[in-house]
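Please go over the structures that come below.
Shared between the two complexes below is chain A, which has chain B as its partner in the first and chain C in the second.
== the complex of A and B ==
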């Protein structure tokens, strides 16, 4: 019995992965064509920045970038390389795209991961609190604050955070990943990075925190109306047990969905937050690659992000099964 | 008789050097914006690359704020009377950062082989050069095909960076792994580059100019958001804001902070001038009256005072005020909407909508496009703004797909280096946003620019350039907006940061921090 369930899950995952591969390939081709449809190419951008150019310079650059080939050849070569797990070379940054991504990935994961954890934990906690005190002042307070966070543009919240905590109070550093040239190591360095992390992670997490708390509250209130909760109450279970085991667990599904969506974006980075806080992550890399038409880097980021979205969708599906066994049985 | 240029004297003409004795030690924190693509100055010469790598590499000469040449890797130089032979005597005891000795062979290799292949602006200078030779290890001789007026202005570190022959000879320059750890002769050595965060340079203890540099290290911080860059200065993370680091509307607030100094010097060599490209080939802008109308319609004082914080000068024509041979007798055209209206009418304009593709270099430039649209609407000209990003804007200009566009270009102190390129008909070529993009073509102007460039006699040059300015100002190929003011903001305790007309691009050689 257990064996067949496992087989079923394994088959399902395999089928999903096969579909995912096709989707990924389609994304790859589509991204490639879209990017090349944008006006300008990396040679024009570099020539533009140099403030001087001639035909020789442009021809040299185009040849170096492989842009002198017809588009279908470039596409074919790119897909072939990616199939061999080679994301290409960034001539602008003079580095293989894979190395470039790996350089930026830790900073991005630290930022988006912290924001994810903070928003999920605090958001759900606030939602639970609000739902259990529905109609009371604490509920009103939480709902109002959540609405405020929900409606505040990210970059504005970030700038205000910098103004208050860095410029006025001087508690936290306004930007960067760590104190440059400090020579800190070990625990001291970790503390230093944590200090730098606080503002960007919080401002990035605010929006999702608000979303989680609103959704948790709504979902819990909905579940609380259902018959089985009345039964549990009639059985004489304590309020805390009903809230935790009966209401919250059943209310979690939409939150898992949302968390899956947010988790899929972890690797894509956070362009705005990383820009305002000069955080050396993938979001900035992507945005700069876009303005510089650094095709390989851009495609690399898109590819890895797309792959992550697919992986996290899969994980989300598996978590559904854990949270709600009825889904697993289907 | 050979004209001997007294090089040493020139160094005293620089911007008021501080009177106190420099002290060694300390660290400078500087903003770099945007992050340069590479620090190998022979391959990449965009503005941020020059700002950082100008302290790693050196040119043969530097220039003071009056654009007189000063010694750098060349300690002295001579020009033959016929203006065809330039002889440079090199500093002795110079070594590359990897310890190898520097010699005249490196200069010949850089100019004749490396930069000929990689540097479009220097390639244009090389068109005038017949041969480059090194008669001995300490001497380099350039023989020209014909006299070239601004030749002595072509040796600054961004125009002609000297690169190490022993590393690059016989290799593919673009993919040489040494590009990631640049080796120069300059006062600072490359130490570390954490992409997206900072670039670190350290003092070169074996620098040929004994006693210099004073600073132990220079950190260039990469901060992508303009507001964050202002905050970085306010909170003390950085001490130096090169021109363009912060938005113009933040300058007043930042310069009022305690211990803060601001200077507009250090850009004389570049002399950036901003203008509106007018497409001379087609549409209403093909008409001279219509172009004159545009120049009268633009309220340039308002633009300078409101958008550029009062920084900069209204130009009297195509020659920036700091560029040699600017005809000071010419006065800028006044703001005169009535005259503009009359000229619009005379041009036969039928209400066509003009496509304005603004340079997307930040807030100020977008607002400038709105002011231009408003100014032109006031005299009855219809304008539609087409927004795009930098790559798209480059493409629009390179394909001549615009009616109006904004820009600014460096003039490198001499009309033959930085002005003629935008007006001579030989420079009408698709594919570049920096040549004669407007498509103006006038054989008389071509001939006058040729005369001006083809002699070293100042009087002859002046006569040709005076004539050319008169013609251009009347025909208005482009609508000149502003000789841009470029403010460098720094803590007042950072001394001798800007001492030449090249400014920060090689400024850390002399800089020191008062304790």
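== the complex of A and C ==
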């Protein structure tokens, strides 16, 4: 019995991994097509503005990338290179794109991870509060604020955060990853980074905070109508126990599904947040690549952010299987 | 129709949204009358603060352009891009969803794989890459937004078509010898219109958010004034000139809020059974 459940989980994971690999491959093909669909010479596109005027350099590039060969050969070479962690070279930064990305990735993971936690915890808490006081003024207040956050552009929320908390109140640093040249180590350094992280993480999490609070509220109100909740009430259980153990647990399921959707929004939103706060992650790198027309870096960031989303989806998928036994049994 | 209006009116939010949107559309349409001349032109000294005179009620920006004029002209771009890119998304999503839902089987499998792919790819990052590679212009921005926002439409239409396909009146139509395109276009899709309308109204809102984010990053059409561009250009001077970032942002929030409120009201009015269950 135990063995078959394990086998089922193993095959499920294998199937998911295979699917993820296919999606990554498709993204590579898309990247390749985009380079070749761009108006003008792909060599110019790949060199970026850096080498666009140098004919000898362009000729070298053409030979290096085999641009005289048929398209499918070029695609094969491109995929082969990426499999060997070669995402091309940034002629602007004079560095392999892969190294650039790996340099910047930890900061982005820290930012998106914190934003995810913040939005999930605060959003669900606000939703539970609103649902337990449905119709009262606190419910109206939470729902109105959520509606406003839902309509607020991410980058503007970030800027207004800087205006209020850094310029007017002076509570939090307006930009950067840590205090430059402070020489902090250990716990002091962690605290310093956390202080710099607060505004970016909050503004990046704002939109999904609103989404989670609205979802949680609606989902809790719906579950509260179900028969098993009536039974629990009839048994004489206290309101708090019913809310926590019966309603919230079941109401959280659709929220795990949403979490997968949030991954894509988070890495996309990181481009905006990191630009506003000069946060040294891959989002900021994408903005720099935009202003410098460094297409190799641009496509590299796109590929890595898609890979991040796929990994995140795999994880939520596994968590979902653990949380909901009905899926595990399938 | 009367019944629909009655139900729509029952929701206060929808009426507020409608009034708000009407005001925004009016200002955008009347921009050339309210502010004759080019919104890019310098009209006064830079950094005139707001509320100091009737001439520039919202102040001037870093190079002395009229902020109020920028807002009015920016509204045209936001609304236009929001509307046209949503149409583009519908033009991709409806056929994909209808074909997948009607034929099922292999076609469904294939089309849904493609849809899933576009849903997995981080949409904002893809939009950035498309606009950057094809050079920023109204056309590339609209196309990029359309390309990243069609998958939910396809899923919705597929579900609707699948359930309608089982109905008896469709079987009758098949037996009558109606051609497949006629069945899909004239018998099935008209019955799936109301959820599509609801989704489209919410999509215009998110398209406006996307457009403003792109132009904030400097990927706006270089010839058109837009709200996102105004905020992006004012970003570095936020200490000296708060109003340059504040007002365009308020304009975006109000527009998106209005569309969301309308979308929710439409949902209540068009799917009365669903909405009663919800509240």
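Keep in mind that, in the parts below, the second predicted complex is superposed on the first by the 278 of 330 C-alpha atoms of A that agree within 3 Å, B and C clash if a C-alpha of one lies under 4 Å from a C-alpha of the other, contacts with A are read in each partner's own complex, and residues count from 1 in each chain.
Note that in this section contacts are C-beta pairs under 8 Å (C-beta built on N, C-alpha and C of every residue); 3 or more make two chains touch, one makes a residue touch a chain.
No experiment lies behind these values; they were computed from the predicted model shown.
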Partner chain(s) touched by A:26 [first = chain B, second = chain C, both, neither]: second
First, second, both or neither for A:215, with chain B first and chain C second: neither
Touched partner set for A:111, first chain B, second chain C, both or neither: neither
Touching partner for A:264 - first (chain B), second (chain C), both, neither: second
Touched partner set for A:181, first chain B, second chain C, both or neither: first
Touched partner set for A:124, first chain B, second chain C, both or neither: neither
First, second, both or neither for A:94, with chain B first and chain C second: first
Chain B versus chain C as contact partner of A:204, first or second or both or neither: neither
First, second, both or neither for A:148, with chain B first and chain C second: second
Chain A positions touched by chain B in one structure and by chain C in the second: 38-39, 45, 159, 162-163, 167, 275-276, 290-291, 293
Residue ranges of chain B in contact with chain A within the complex: 27, 29, 34-35, 37-38, 44-47, 120-121, 123-124, 174, 179-180, 194-198, 200, 217, 219, 221-225, 227-228, 231-232, 234-235, 237, 388-396, 398, 409-410, 429, 431-435
Residues on chain A engaged by chain B in the complex (per definition of touch): 38-41, 44-58, 64, 91-94, 100, 103-104, 107, 159, 162-163, 166-167, 170, 173-177, 180-181, 274-278, 280-281, 284-285, 288, 290-293
Chain A to chain C touching residues, read off their complex: 23, 26-27, 30, 34-35, 37-39, 45, 147-148, 150-156, 159-160, 162-163, 167, 218, 221-222, 263-265, 267-269, 271-272, 275-276, 286-287, 290-291, 293, 295, 298-299, 301-302, 305-306, 309-310, 313
Residues of chain C that touch chain A when the two form their complex: 117, 119-126, 128-130, 132-135, 205, 209, 212-213, 216-219, 228, 231-232, 235, 238-239, 242, 245-246, 249, 252-254, 256-257, 260-261, 277-279
